[in-house]
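After the structure tokens below, expect a handful of questions from me.
The first chain written gets the first letter, and so on, giving A, B and C; residue counts start at 1 in each chain.
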Amino acid sequence: MIEEKRIVLRNADLINPEKIEDYLQAGGYQGLVKARSMSRPDLIAEIKKSNLRGRGGAAFNCGLKWSFVPADAQVSYVVCNFDEGEPGTYKDRIIVQKDPQLLLEGMAICGHAVNSKQGYIYCRGEYPYVVELLNLAIDQARGKGILGDFNIEVRMGGGAYVCGEETALIESIEGHRGEPRFKPPFPGVAGLWAQPTVVNNVETFSNLPSIVLNGAEWFAAIGAPNYPGTKVLTLTGDVANRVSIEVPTTATLREVIYDFGGGIKEGKKFKAVQVGGTSGGFIPESMLDTPIDFDSMRSIGATLGTGAVFVMDETRDIVDITTRIAKFFEHESCGKCNPCREGTFRAYEIMRKINKGQASVQDIENLTLLSQVMEKACLCGLGQAAPSPILTTLKHFYPEYQARLQIQ
Amino acid sequence: MISLTINGKEVQTPQGSTILEACQQAGIPIPTLCYDPDLRLAGSCRMCLVEIKGRPLYAASCVTPAENGIVVETESPGIVAARKVILELLSARHNFNCQVCEKNGNCKFQDYCYQYGIKESRYDYGEETNYPINDCNPFIERDYNKCIMCTRCVRACEEISIARAINVENRGHHAKIATAFDGNLADSPCVFCGQCIMVCPTGALTSKVSAGLGRAYEVDKVLTTCSYCGTGCTLELNVKNDCVVGVTSNRTVTGSPVNKGALCVKGRFGWDFINSPDRLTTPLIKENGQFRAAGWDEALDLVAKRLGEIKTEFGPDSMAVFTSARVTNEENYVAQKFTRAVLGTNNVDHCARL
Amino acid sequence: MTNSIGELEKDARCIFVIGSNTTENHPVIGMKIKKNVLYNGARLIVADPRRTDLAKIADVYMPHQPGSDVALVNAMMNVIINEGLANHDFIAQHTEGYEDMAAVISKFTPEYAEPITGVPAEDIRKAARLYAQSGSAAICYAMGLTQHRTGTDNVKSVCNLAMLTGNIGRPGTGVDPLRGQNNVQGACDMGGLPNVFTAYQAVTNDAAREKFEKAWGVPLSGQNGLVLTDVINKAHHGEIKALYVVGENPLMSDPELEHVEEALGKVDFVVVQDIFLSETAKYADVVLPSACFAEKDGTFSNTERRVQRVRKAVSAPGEARTDWEIMCEVATRMGYPMSYENSEQIFEEIRTLTPSYAGISYQRIENGSLQWPCPTEEHPGTPYLHKDGNFSRGLGAFTAIDYITPGELSDEKYPLILTTGRSLFHYHTGTMTRRASALNEHVPAAELEINPEQAKALGIAHDGMVRVSTRRGSLEMKAKVTDMVAPGVIFTTFHFAETPANLLTSSEFLDPTAKIPEYKVSAAKVEKI
């Protein structure tokens, strides 16, 4: 049986998160000290070599992302994406609540690597109590002079899902309507206030202190070679144990659901699991032996994304769930690009029609075409990923749709 | 210069060009709705999508840099299908009443629907936009049932007019163009310059002053210079049946060196005095305190005779000419020549001081 | 303008706008200034008794008392000199008269100017530093600077300021009068002035006169003629027997209208050429119908000296004819045959007599335009004058200018200062815009702008009717209660024949050089009715 492996949750429940002394006693900020003893190119090379990949939607090599910041940039920013807006996801909140200094240390390491003096934490608006904790942590770190000339400020989101997209998040910090920008230019070249900006999420930053301290080889050897390290997962839905866990990325979905989640509750049968949040694909029983690493998930049309694991038992109505998901995206589309703005709206209309038992095969064809276009044509990740639940449920659970079609 | 392949043809383009620019230089047509070379790029309409070999996503060519060696398809089956779906999605929210639309024949959305054969939308699932058309200003008609959310108006208002009167309100399908608090333009910072009309690709924003008077294919456009203030903006008089029926912008550098198409409320909407029934149409001679119509010969003879008499009796300096800051250089020249050479005085001035 | 409109959009790093409500009177120039300030990082200084749209985005806004321009600009120069911000290289190489000017400036400390201008001394300092330290600073002004008894002084003051800091002869610098009428520049260029032929060739200059005598085949008067305001005054005394008015409306635009009306009544023979039966045309003996800009070919010269084509789009109504055709007919009937085939032929004649236009032809501006001076066919035109500080007269002349008060001061009976101007939605005397349906619907009548504090003290409500009076007369209109004007200042427009603002203005105080009336300062009172 696979075991938990704690990197970002290493101090969880072992220290008092409101006390920086506890963190220091547990070896905190030694990573930063070491990082600051390294030259910037060496530090970036080290992170690149560790093959740490972003713990968000795109899983981009973290060191590589940093290397896009021009070495001679006069001003650059470090932004932490803490807009954890995916339904069923709370892993960043757990990390910060258990160990806020870890995040600050990770951001400061990044700040050194890209020569930034200013970091922002963009915190989900629904987490006001976490903002308090973060501000306390920042004050304590500042009081100890640990962050040096690196300043960190917390900004709160306003509840828009799209602001989890890095460029929409940047727009929001700038005080604009939360709409994604087109890329390129990528934030690494022109991000916040048109300056080079690194955007990573809480989990990514929180891995950094250990990597710096223990070396790239140590990290690269953990979990799957192409997506090394651990992943924090949050188990929700019809699983016996609704827990959050940190496991090596070699763990399979079956291990996650049955070994850690204790299987399906009330002895019912498994029907499907959706990984990575609302935009994740639906995975049937036959694919449960797939490891959770990003690339393996992608190979089965799913996404690791935020690490949300939403388990559905045999009694769940896949069409109804997909309709609700379609409603979610219709509501959360920012409206900037045509295919997402109108596509999410029409997709929800069609799903409603199917759900009510009023649809025809033609409607399914229209929906399929729309979804396929959206995946490739939308401006940002929201619109590109929004059709994934529809397409994967159509693929793996078509009989449930068929049963709903109007008899013609 | 860099080199890329577009539709199987090798194309050279300067470093820093977008794929759209490379296509335009190569004469390859790309449909665009939100793109406007004078405005900040949006990349949002997704009509200009192209396929780049080896990339999983379609790229909006207006915002995607042309790179050395890339292989681009602009009308692949996937791209055509995507454009059709986008047009159908827009059609489902667009109020198609082209037969009575001001922009009929001059509408990019109409053109693309025609080009891609969109006769009806498969996404017309019932819910349509139903925005009221009731902005009580005399200049700009706002019909958001024809709006395709390209946001060119928002950007023109922000970047050309710097009025920042309008922006996008709400999210998703319910997003729409509005003033702050979704009120009337007159209660916003709007200065009624009509730059929004200039850039609108559909019939969502049109001139109330020109309404019903003539559509683009019915009018001749005559490039001339505005007759209001001294800025010297150029504009196009729209002419139908020997009558001015509207004003549009010429946005080229050569055609519009001062204003590049930008106008003010007077230039764009203040032209119909030309057709005023108050215009003088015949010479008038005052008799017993009343004007009566007269023929040109009679009037001109009278003027020449009286001026001649006064010149003889009281001398040239008893006469004065007020020429005009409103008439042409040529007419001012003739006026001062007339004053100096014919009347024999330098008493010529105009209202430069007033 | 010494420089070009386009430079205000990007090259100018600081723009000093004085006496110009640019966004309403030159809206497209206003857009360019706003763009530069809001998006391209230019700094903006605004001096205006009214809190204009530009004032709202200015780095420094100075709401100076109407008529205190010289004191304000002198105080800015005082700061520049005392803080070592003057460009002494430029002064030494390109100017003369600095010492005399500096002697006058020495007393104009910001503290000295504060009570005169009503602008806090610290703001004057800030403005002076911004202007002097920006690298490329432009000055824009309009009638707010010129329509004073000290109009010429005011203009010379801002020229002093530009020369003091070397802000002349480079892109984004210069002194830019924003001219109010489409072809006021051209009318001046063409010699529509009593003292000069085309291109400002003096009628008193023998060589110039001989050139024109030769070209026109008649002897010409070498004596300066009368300026417009003097013509009206002489008419009043019965000394003007015939007046020929081409497209002007002095009975709306001139100060103290009753005075103008009486004057016109005394002229034996008045001819008016116009497109409408204007207020002035009603006093004519003969009215000749003319074509408007849409009905004729020709050229206009804009405020930046750019010569652009006017093209005939439609036929003139009825029997209306172009102004030049009418005048040629009259000339011919008076025994001086004048005839041209078309406007281009006139332009060709202009070129031969007008050095600054010599290189411009219809062909060259068919697809574009040219800015004079353009002396030869090969010359590309001149976007900005005085390149590298080389002034046309040789050295740039500083003028020592002391402050004098406006002609009319407020007193107990007339405690307020009335200033006049234009609205965005109307134009000059309204002959055109009052007949443009949408413009007239949107703004159908004049309003009196009054500060909320002042309005409250006088019991005046927004949209309530008021009577505004000066020593010349009174008008009734609606009040617009707005903080756009400071307490003590009121404002109205002169577009509306129903409420002709120039009934209130004075013709008594004219600028001694330009003979410009002091429209911007009239002592006034306001009553609720």
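Note that a contact is a pair of C-beta atoms (placed from the backbone, for glycine too) under 8 Å apart; a residue touches a chain by one contact, two chains touch by 3 or more.
Just so you know, these numbers come straight off a predicted model, no measurement behind them.
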Category of the chain touch graph - line, ring, star, complete, other: line
Distance-to-centre winner among chains (Cα means, whole assembly as reference): B
Mean-CA-position distance for chain B and chain A (Å): 46
Geometric centre distance via CA averages, chain C-chain A, whole Å: 63
Distance from the mean Cα position of chain C to that of chain B, given in whole angstrom: 28
Junction residues of chain C, two or more chains touched: none
Sites on chain B touched by chain C in the complex: 137-139, 159-162, 186, 191-193, 208-209, 220, 222-234, 237, 239, 242-244, 254-255, 257-259, 262-267, 269-274, 276, 278-286, 291, 296, 299-304, 306-308, 310-311, 313-314, 316-354
Residues of chain B touching chain A in the complex: 41-47, 49, 56-58, 60, 63-65, 78, 81-82, 85-86, 89-90, 92-93, 122-123, 125-127, 148-149, 167-168, 170-175
Contacting residues of chain A [partner chain B, same complex]: 160, 177, 179, 182, 184, 330-339, 341-346, 349-350, 353, 362, 366, 369-370, 373, 376-379, 384
